[in-house]
Every structure is written in C-alpha cells, then in structure tokens.
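Two complexes, one shared chain (chain A), two partners (chain B, chain C).
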Partner chain A sequence: MSNTLKNLLHSPKFMVGFILFIAILLTILIYPLFNPGNPLEMIGVGTFAKPGTYISLYDATSSQKETLKIANAEEKRIAAALSDEDRVKMLEWLSAYGVDVTEVDASNTDAILELWMANYNPDASIKGFTKSETRNFRLIQNRITELMSADTLIIYEEGAEDSKSKIVKTDYVNLNAIANVKTLPLGTDNFGRDVLKELVSAAGTSIIIGLIAGSVATVIGLTLGLLAGYLGGNADEIIMFITTVFTVIPGFVLLILISYSLGQDQRGPTIVAIVIGCTSWTWTARSVRSQVISLRNRDHVNLSKLSGHSLGRIILTDILPYIASYVVMAFILQVSSGILSEAQLSLLGLGPKTTTTPTLGLMMNWAMLYSAHTNGSWWAYFPVILTIACISFSLNLMNTGMDQVFNPALRD
Partner chain B sequence: MSEMKERKDYTKGPLCLSGRGVTRIFGSGAKANTAVDHVDFDFHEGEFVSIVGESGSGKTTLSKMLLGLLNVSEGEILFQGKPRDISTRAKRNEYWKGIQAIFQDPFASYNIFHKIDAVLLDCINMRGGKNLPYEKKVEMMTEACSFVNLKFAELTNKYPFELSGGQMQRLMIARIFLLKPKILLADEPTSMVDACSRATILDMLLNLRDETGMTIIFITHDIGLAYYISDTVYIMEHGKFVEYGKADEVILNPKAPYTKRLISDVPKIHEEWDLSTVDLSDDQY
Partner chain C sequence: MKGYRKYFTKKIVWFLITLFVAMVLNFVLPRLMPSDPVAAITGKMAGQTTDTAAVQEIYSRFEEEFGTNKPMIVQFLIFLRNLFKGDLGTSFSQYPRKVSDIISSSIGWTLALQIPAIIVGWIIGNVLGAVAAYKKKGWDKIVMPVTMFISNIPAFGSAVILLYLFAVKWKVAPVAGGYAFDMIPNFSWAFVKSVIEHYQLPFWSIVLISIGGQAIGMRSMSIYELNADYVKYSRFLGIRDGKIVGYVFRNAMLPQVTGLAMSIGGSVSGALVAEIIFSYPGIGSTMYAAVTAADYPLISACTLIITIMVLIATLSLDIIYGFIDPRVKAAQFDA
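Here is the complex of A and B:
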C-alpha cells in the first residue's frame, strides 16, 4: 500500500494534476478570507464593467493635489481620447481631402494629429461622407481642441455660487491618498457583480456538485456492478437489463426531463447533483461488473467460500479491495463529468435555482443570456471556461497518472 | 516402493464420496460445451485417489463440482452414502467442514490484503474455536505450522506476498491440518512449486492421510507422480474417465490408448524420449 502511494508520488502526471487541483481548492478556501461577503452582491449598477482598478472620482478631486510637469502627458491624454475608430475615420477624411496618408500608421497619434491640425477644415465639403459622419468629424475636432486648450476644470457645488475647486491639467493625486480604490481583476458581470469573487464561489459549488454526483454515481454503480458480477445468473440478467435501459436512454435527455419536472423551487445544487449522479452510474456498473466477473473465480475467493464466509463478507473483503483502485479512478472521472454535466444543464437554464448560489454553469448561462460573447465582455465567460477546463484537466490527469501506477501494462 | 505396497489397503474402506452420471455443460444450444460427461466414481475413506488427464480434460471442472463451487448439470454426487444437499448456506458450510481444497496456484490462493494469521484463524473459527483464548489459538496455529515445517513465530503478522511459493503451499496444508476435513481435494498443488518443495508437499499430504485417515483426491497431469503416491488412479480424457483402477494395474498394464500415450509422454532419465505417440493433429495443439 505504501509502495503504491510512493509510486503515485513519483508519477509526474498524477502530481501535476494533484497540485493543480489542490491549488484550485486552496484558492476556493483562502480567497473568501481576503474578499469576504456575498459573492452575488451587486456592486455595480451598469453591466459588464471592464477588468481593472477603479478609483473614486469624488475622492480624487478632494484629495491633496501635487503639481507634476510631465513631458508627454498631453499626447497621452489625446491618444487615450481617440478611439481606434476615430483614427481610421480621421485618416479617411484626410485622404479624401487630398492629403497623402499612405505613410501614416493608425496607431501613430502624433502624426495623425499633426496632419489633422494642419489640414482640417470644418467648412470644406467633401463628397462621399454622410451628414452624420460630417458631424462626427466636427465633434472629434471639438474634443481635440478642448483637450489642447482648456487647462482648468472648475467644479461647483450644487447651488453654490463660488467654485468649489479647480482642477488643472498638471494636478496629480497620490493613489494611496484616495480613500476608495476598488480593483476588479475580472470586472463585473451583467448584474454588476464582481466576477472573480463570483467565480471562486462558483468553482467551490461546482466541485461540491461534482463530488456529490460522483459519489451517488459510484455508490449506485459499484453496488449494482458488484452484485451483478458476483451473483451472476438471473440477478446479473436483471441488473444488466436495468443498466442497459439506462444506457440506451440518453442520459442528458433524462437529466433535462427530471430537472424540468422538479421545477425551479426544488432545484438546489444538491438536488441537481443527485439527479446528475442518478443518470451517470451505468458505465461504472458495467466496468465494475466485468472486473468482478474476472475476480469471482479466483482461488482466493473460492477459498473464502470454502471457509464459510458470507456473501457480504466475500464481496467486501475478497473482491472490493482488489478493485478499489479502479473504483477510485472511476470516481474521479465521475466527479469530472458531474461538473461538466452541471455546466451543460445550467447553460440550458435547467441548473440550480439562480438567486442564491453561483455555479460555473450558471455564470455561463448569465453571460450567454446577456450576450457577453457578442458585446466583447470576454471576462464574463472566458475565466469560467478556463476554470472548468482546469478542474477537469487536473482530475483527468490524476486519473491517467493513477492508471499508469495501478495498471502495470501501461507503465513506461 | 515395496514399502508403499505394504501399507494398508485403503481401497476397500467405506464409501466417502461417489458420483453417478455427473455432467457439466457450459453454455447452451450450438455453443454447448460438455466439460464433464457422465462420470461415475467411488472414493473410499482414507483412499489416495489421483485423477489424471491433460489440460482441458475437465479435471478442474470436476473438482469444482466436487467442492460444490459449481453446480452439476446432470447426475448426482453422494457424500458418505447420502445424496449431497448444499442448497442453503448452513448446509454448504456443514459440507465444507467435510471437504476442503488446496489449489494449484499458491500465489492466487491468498487474499493479498490479509495477513497470514487471518487464514489460520478462520480455520479455527470454522472448527468452532471462535471463543478460545488467543493463547490457545496461537498454540494451535504453531502446531499446524510445525506440521508443515514452518515456524509460526516467523510468519505471524506477515503478508502472503512475503512468503515463497513453497511456503505458501505448505501453509495451505497447515490450514487443512487445522480443519481436518474428511476429504481433501488437491488440484495440482505441486505444479507451481519447485521440485524440492514438491517432494516435501507430497510427503506432507501422505502424512496427513496416515495421521487422520483423510481421503485425498489428487488432481494432476503427471501420471508418473500419480503412480508413486496413489492407491487408485482415474484417467480422464475429454470429460470422461477412460480407465480407472488400482494404480499398479492401470499404469503397469494400461488398456486405453490414451493412458498408454500419457505413460509414454513421461520423460525418463537415461532413455531416449519416445515422442512417436504425440499426436499433433489433436485439436488441442
């Protein structure tokens, strides 16, 4: 036994999978300590805030200011104000106006700005542009002139006559002096919830769903497989008939029907996990049965029978330990497929009830419902996909590593 | 050998195990395969019977049926003159107090997850010694081990895989010594151990018979071995007994061609090995 463990620890595949899985588990356990609170709390009002660090504008204006004269501050400001679309449009206008822009790159703010300031004429009528486009060029021009000329922003308090404070372009505030800074590494989702916090909580729920589903499937599959394999005869026929029926009916369709008939109120994560477990035990039953059939005629089982041991005792002490490693491997695969099944079910809107706990599948469902994939909000779904992939990858890697240790025929 | 012939004649003792038309068919319909085909036999108390045949002749199937591990398709087995009844677990356990086995492969005979003590303690429990004090049990186990030239103190708390094949097989005999069944079925117990251990094991089986009057059914493919140790020999071919009788009669004056072939197939030292009887057209090859 200790030798087997030692072999496992020396299997690179198992160790990589194991470390990855433990890292995910530790993140799930430790992250909430640093960022406590309800993972479904809506901190944002708008939808899909981009990932990054947010500073309170109010706090920034009232903080202690320092004057810093930084050479290219102006250019950076204008560069940030011009979107990629604006640049392309500006170049189009310039070339229509007769300026040679073949040498100018769209990302080169200096060059575009220089040509634009030298040539732009709001009154020039150039063919090929719609009225709204012509108006848009004027807006761009206004924005640029505003950024280049005005150097003071004056803030008034509501109802007050005097200006409260003035902000000059060279005013800077120390980030540490701002009271409210919020970093959202993965932005917010459609309901304005912190995606990272939600993701960590969802990964935890999904792993629990996987464990429950895997346990249910393994217990049912193992019991039926052991009985069918060991008893043989009519018991085997009946059990295998039931197993075949469950195999033939597509598990996923069954899952959808059960999930639907349970209704929204009944569907907590635990119930969904049990439903998944109850539909995915068939291949465990089949493979356990075939393993048991090869074991039941072994001499040590015969000897145990001759020693007068009961059926239960023979199954538990003479058969089960011999297939234990196999069952553990099957369990790991069942956990992995349980997590994937939950994701699939939830994506269809048949997952756990949507208001109390996030799961990885539900996050995908929300991202899809609010078109995160079409409006470019990659942070709402891509980290979720990556997490699902990492969890199943680590579990499958552990399984492959164990397979190589337990099955001498696969050893290098 | 002359010494052996002076021994008590066990072939006239009371009947211990007999069979009438015992048959086992595997599968059904076109795929039906008759492994044991209507065999009759009478084993007497204290008799050393050998069942000889090549691989696939049905020896092991017959032994499983005798042990009650496999159902009989047809015919009946009589235990001590009465039809055998092993329909319930209690009756089976009672039957197994009277008949025990040693299997071919000592490495496969042990549950690798249990220590050796467990095997021997099981035997004591089965003989009704469950409530004996532990010291008494150790004494019994030590006695059984010393019968097969093993030291219990060296074996206790060890796992089967820490033993050699010969030691494992001797421990199996120690198990039989503790159980003292009426009949011992030994299914090629010497085929997986080296020649030295083989002689020791056979010697121990004979001692066991002489001490307890146990009937030993010895299943082997080695007709030479059967000749040296048996009182009675049954020759089995394709599920049937083609010849049986006292070892001397069968082996010194074989009548069935199959027996003659088996005898000529035994290699002899200082003699050219006669391979002319080997029939390569046989479906086995």
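Here is the complex of A and C:
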C-alpha cells in the first residue's frame, strides 16, 4: 500500500493532475472568503459588462483634483475615442476623396488625424457611400472637434443655479481617493452578475454534481459487477443482459428522457446528479465483472470458501482489496464524465432548475441563450469552457498516472 | 459463410432485443412524469379561455388524440403500431406538422455531418496514437499532453471556440445554419457551395472531439502490442521494422473498432450538442427546439431516432468486426 503511494507520488502525470485539482478545489474554497456574498447577485443593470476595473464617475468628479500636465494626453484621448472601425472608415473616406493613404497604418492615430483634419469636408459629395455612412462621418468629425477644443465640463447639481464644479482636461484624481472602485476580472454576464464569482461557485456545484454522479454510478456498477462476476451462472446472465442493453442504448438519451420526464420543478442539482449516475454505470459494471472473474478462482478465494466464510465477507476481504485501485480509477473517470454530462444536459435546457446555485452547464446555457458567442462577449463562456477542461484534464491526468503505476506495461 | 451466419444471427437478435427495450423505455419514461402532459397542452392551447366547458372539450379531444384515456398496454400497442407505420404523432410546437415530417427533414443533415466526421476523427486519432506509441521520445512528450488537454475540452466548448475564431473574428465561415438563410434547398451550384461552406465548422469541431480519445486509446494499445513477445521474436528474426509496425497496428486496431462501437453513443451526444451551437438543421437542433417549446412528442421521437441510429451503427460495427477479426472467424468455424 505504502509502496503504491510512493509510486504514485513519483508519477509526474499523477502529481500534475493532483496538484491542478487541489488548486482548483482551494480556489473554490478560498475565493468566497475574499469576495463574500450571493454569487447570483445582479450587480449590473445592463448585460455583458466588459472585464476591467470600474470607478464611480460620481465619486471621481467630487474627489480632490490635482493638475498634471502630461505631454501625450490629448493624443491618447483621441486614440481611445476612435474605434478600429472608425479608423478604417476614415481611411476609406480619405482614399475615396483622393488622398493617398497607402502609407498610413490604421493604428497610427496621429497620421490619420492629420490627414483627416486637413482634408475632411462634410459638404463634399463622394459617390459610393450610403446616407447613413455619410452621417456617420459627420458624427466622427463632431466627436473629434469636441475632444480637440479646450472645453471645460461644468457639473450642475440637479435643479441648482450655480455650477457645482468645473472639470478641465488637466484635472486628475488619485485612484485611491475614489471611494467606490469595483474590479470585475471577468466582467458581468447577461444578467449583470459578476462572472468570476459565479464561476467559482458554479465550479464548486459542478464538482459536487460530479462526485454524487460518480458515487452513484460506481456503487451501482460495483455491486452489479461483483455479483455478476462472483456468482456467475444465472445471476451473471441476467445482470450482463441488462448491462449490455444499457451499454448500447446511449446514456445521454436516457438522461434526456428522464430529465424531461422529471419536469422542471423536480430538477435540483442533486436529483440531476443522481440521474446522471443512474445512466452511466454500465462500463464500471463490465470492467469490475471481468476483474472479478479473473480473481474468482484464485487460491485465497477458494480457501475462504472452504473455511465457510460468508459471501459478504469473501467479497469484502478477498476480492474488493484486489480491485480497489481499479474502482478508484473508474470513479475518477465517472466524476469527470458526470461534470460533462451535466454541462451537456444544461445546454439542451434540461439542466438543474435552480435560481439559487449556478452550475457550469447553466452558465454556458445562459451565455448561449443570450448569444454571447456571436456578440463577442468571450468572458461569459470561455472561462467556463476552460474550467470544465481543467477539471476533467486534472482528473484524467490523475487517472492516467494511476494506470501507469498499476499497469507497468504502459510505463514510458 | 456458415460460421458467420451464427455470429450474425446472434448480433441481430441482440439488436432486436435492445431495440425493443429502447422502445419500451422511450414509451414508459415520459409517461411516468408526475405532471399530466395533456393538461399542460390544454392549458397552452386554451390560453385565455375561461369557459370551463370549452377547456373540458379541448382536454378530452387531446386525450382522444394521444390516447391517454386508454390503459397503458393498449397505449403501448397503439404506439408500436403507429411506429411501424412511420407515424410518430403530431408536433405541439409546430402544430399541425407531423413529427415524422420534422424528423425526416433533419435526419439527413445529422447523418451527413456525423458519420464522416466521426470516421475521419477516428482515423486521424488512431494514426496519431500509433505514431505517438512508436516514436516514444519527443512526440510522446509533446503531442500526448496537448492531445490530452484538447480531448478534455468539452464538445460544445471546442465548437464555441471554433465558431468565435472562424465565424466571428476572422469571418471566414458562416455563423449559423446548414445553408445561407436566404436560400431554398435545391440542387444548384450556389446552394451546394453554401452547404459546403456551412459544413466546415461543425465537421471539424466534431473531428476534433473524436481525435483525442481515440489517440490516447490507440497509444496504450500500441504500447501494449509493441512489448508483446511476437514483436521481440520478429525482431530476432530480423524482420523489417516497417513490417512489424504493420502487424502491431493491425492488432492494436481491433480493440479500437470495438472501442468505436462502444463510444459511438457518447460521441453522438457530444456531436448533437455541437449541432446546437452551430444551429445546424439536424436532430440536435430539432431536439433543442423541442425541449425549449416543451414539445413532448417531438422529444421522444428525437430520442428514439438517436437510439435507433446508434443501435444500427453498433450493429454495423459488430458485423465489420466479425469480418476483420480472425479470432471471431476461427471461433465460428470451430463451432
């Protein structure tokens, strides 16, 4: 036993997988301590706020100002105000107007701006642009002139006669002086929830779903496999009949049928996990059975039989210890496939019905429903995919590592 | 051929038994539902109507149409009879379209997408796995961890990533559908071109899903075979390396064919979910629409069709296996 453990610790695959999995678990446990509260709290009113740090504009205007004269502040301001599309459009206009723009790169704000200011004429009629495009050029022009003129912004309190404060371009405030700063490392989702917070909580729920599903599948598969393999005869025939039938009928189909039949109100995360477990036990049963058959006629088992030990005792002391490593490996794979099954089920709209806990599958489902994948909100789905991949990668790596320790033929 | 007959008869009998169990499950499970589906549909159909007599009338009409007022066993016999006639009932969400009509318009898309994709993925995966086993150093150290990580990205995940990169970011492929939305299916060149363009992303994402698992399986099988005694013996005899690799590959392939048969149910489920991501007009998207609209006849028809497809695929693989595995042949002729 201790030798096996030592071998496992020396298996790089197992260790990498194990450390990755522990790191994920620790994140799930520790992160909520730093960022407590309900993971499904809707902090944003809009949908899909970009990742980044948000500072309160209200606090910023009333904070202590310092005047800083920074050389390229103006350029940066205009560069930030011009989107990539705007630049391309501006270059298109310029070349249609007859200016040579072959040398100008779209990222070179200075050069574009210089040409634009020198040439742009709102009244020039150029063929090939639609009316809305022409209007868009005027809007770009307005935006640039607005930014370039040395305007002072004056802030009024609602209903007041006198201005509250004036803001000029050289005014700066210290970030530390602003009371309300919120960092959203992964932005918000379609409901305006903090994606990172939701993701950590969802990963926890999904791992629990995987563990429950894996345990159910392993218990059913192990029991049936042990009985079929050890008893043989009719019991074996009947159990293998059932197992073969359920191996061929796709578990996913059964999963859909059962989940749909349960109805929305019945589908909590635990029920979904149990259903997943009940539809994925077949190959555990098969492999346990074949292992038990090879053990059944070993001398130590026969000796126990002759000594009159009970069936339960023989199975527990003479068979189980020999297949334990195998069962643990099967369990690990079941956990990882359970997490995946939940995600696939949720994507079909048959996942856990819950308004209190997110799961990785539900997050994915929400992101797809609100077409995050086509509107460029990568933060709503990519971290979810990465989390699922990391969890199942770590579990499979552990499994491969164990396989190599227990099956010397596979060692490199 | 006499020896084969026994093997094939056995496989076909198994196929029929499993098909029957699948049909029973498909029939029984939705009927175990705690809520009354007919009441739910009545509620949806009746809408704002407050006239109880009218609601009662609608209810009994639906009860009559779906036969839910008859005993279970009679219902099952009717279900079987209708099934053999190709009648899968009427869809709720696309009323009065027949379910068999909806299914037959989407099944071709699914078959044309999934069969080539799973086969191509299987071939690429096996070649990669065999090469990784043979060229242990280097390949094994770099390719295997990468393949393993890729194979752990869920099917819908790689579909979404491919969709984002190729359709949204680089705009080299269409975002959704099986053909351009402004076209009507016909056999013109423009339509075929549009179908091929729409085919690429779903196809490659399913190929990508199947590569990883197959490569890992093939690698362990090949390593096992490379260490076998016959390989050492062949080396002592001085047989060329290429020839030995050929033997090893053939022996390692056999379990991989069984592996494909066993895993086809799993890969199909992943591929169906990938269809949803690409809004590909196949069974997967149909089922998604059916779940969203709570269209219960359509859902059970979809699950039944998927089961039958997987069963047929498994049966065909079993038959192929009988031809290529000399051991099966020998066992049949001995008996």
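The criterion applied here is as follows: the second predicted complex is superposed on the first by the 409 of 412 C-alpha atoms of A that agree within 3 Å, B and C clash if a C-alpha of one lies under 4 Å from a C-alpha of the other, contacts with A are read in each partner's own complex, and residues count from 1 in each chain.
Please note the rule applied: contacts are C-beta pairs under 8 Å (C-beta built on N, C-alpha and C of every residue); 3 or more make two chains touch, one makes a residue touch a chain.
What you see is a predicted model, and the numbers here were worked out from it, not measured in a lab.
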> chain A superposed: clash or fit between chain B and chain C?
Replying inline: fit
> Residues of chain A touched: more by chain B or chain C?
Replying inline: C
> With the two structures laid over each other on chain A, which partner does A:374 touch: chain B (first), chain C (second), both, or neither?
Replying inline: second
> Touching A:300 in the superposition: chain B (first), chain C (second), both, neither?
Replying inline: first
> Which partner does A:388 contact after superposing on A: first (chain B), second (chain C), both, neither?
Replying inline: second
>> Quick check on the superposed pair: does A:308 touch chain B, chain C, both, or neither? Answer first, second, both or neither.
In response: first
>> Quick check for you: in the superposed arrangement, does A:156 touch first (chain B), second (chain C), both or neither?
In response: neither
>> Looking at A:266 after the superposition, I want to know if it touches chain B, chain C, both of them or none. Which is it: first, second, both, neither?
In response: second
> Vertex at chain A, arms to chain B and chain C: angle between C-alpha centres to the nearest 10°?
Replying inline: 60
> In the superposed arrangement, which partner chain does A:257 touch: chain B (first), chain C (second), both, or neither?
Replying inline: second
>> Once chain A of both complexes is superposed, is A:58 in touch with chain B (first), chain C (second), both, or neither?
In response: neither
> With the two structures laid over each other on chain A, which partner does A:350 touch: chain B (first), chain C (second), both, or neither?
Replying inline: second
> In whole Å, what is the nearest CA distance you get between chain B and chain C after the fit?
Replying inline: 5
>> Going by the contact rule set out above, which residues of chain C touch chain A in the complex?
In response: 14, 17-18, 21-22, 25-26, 29-35, 136, 140, 148-149, 152-157, 160-161, 163-164, 167-168, 175-176, 216, 220, 223-224, 227, 262, 265-266, 268-270, 272-273, 276-277, 287-288, 291-292, 296, 299-300, 303, 306-307, 310-311, 314
> Okay, in this complex, where on chain A does chain C touch?
Replying inline: 244-245, 247-254, 256-258, 260-263, 266, 283, 336, 340, 343-344, 347-350, 364, 368, 373-374, 376, 378, 381-382, 385, 388-389, 392-393, 396-397, 400, 403, 409-410, 412
>> Under the stated contact criterion, what part of chain B meets chain A in this complex?
In response: 64, 67, 69, 89, 92-93, 96, 100-101, 103-105, 108-114, 122-123, 126
> In the complex formed with chain B, which residues of chain A make contact?
Replying inline: 298-300, 302-310, 317-318, 321-322
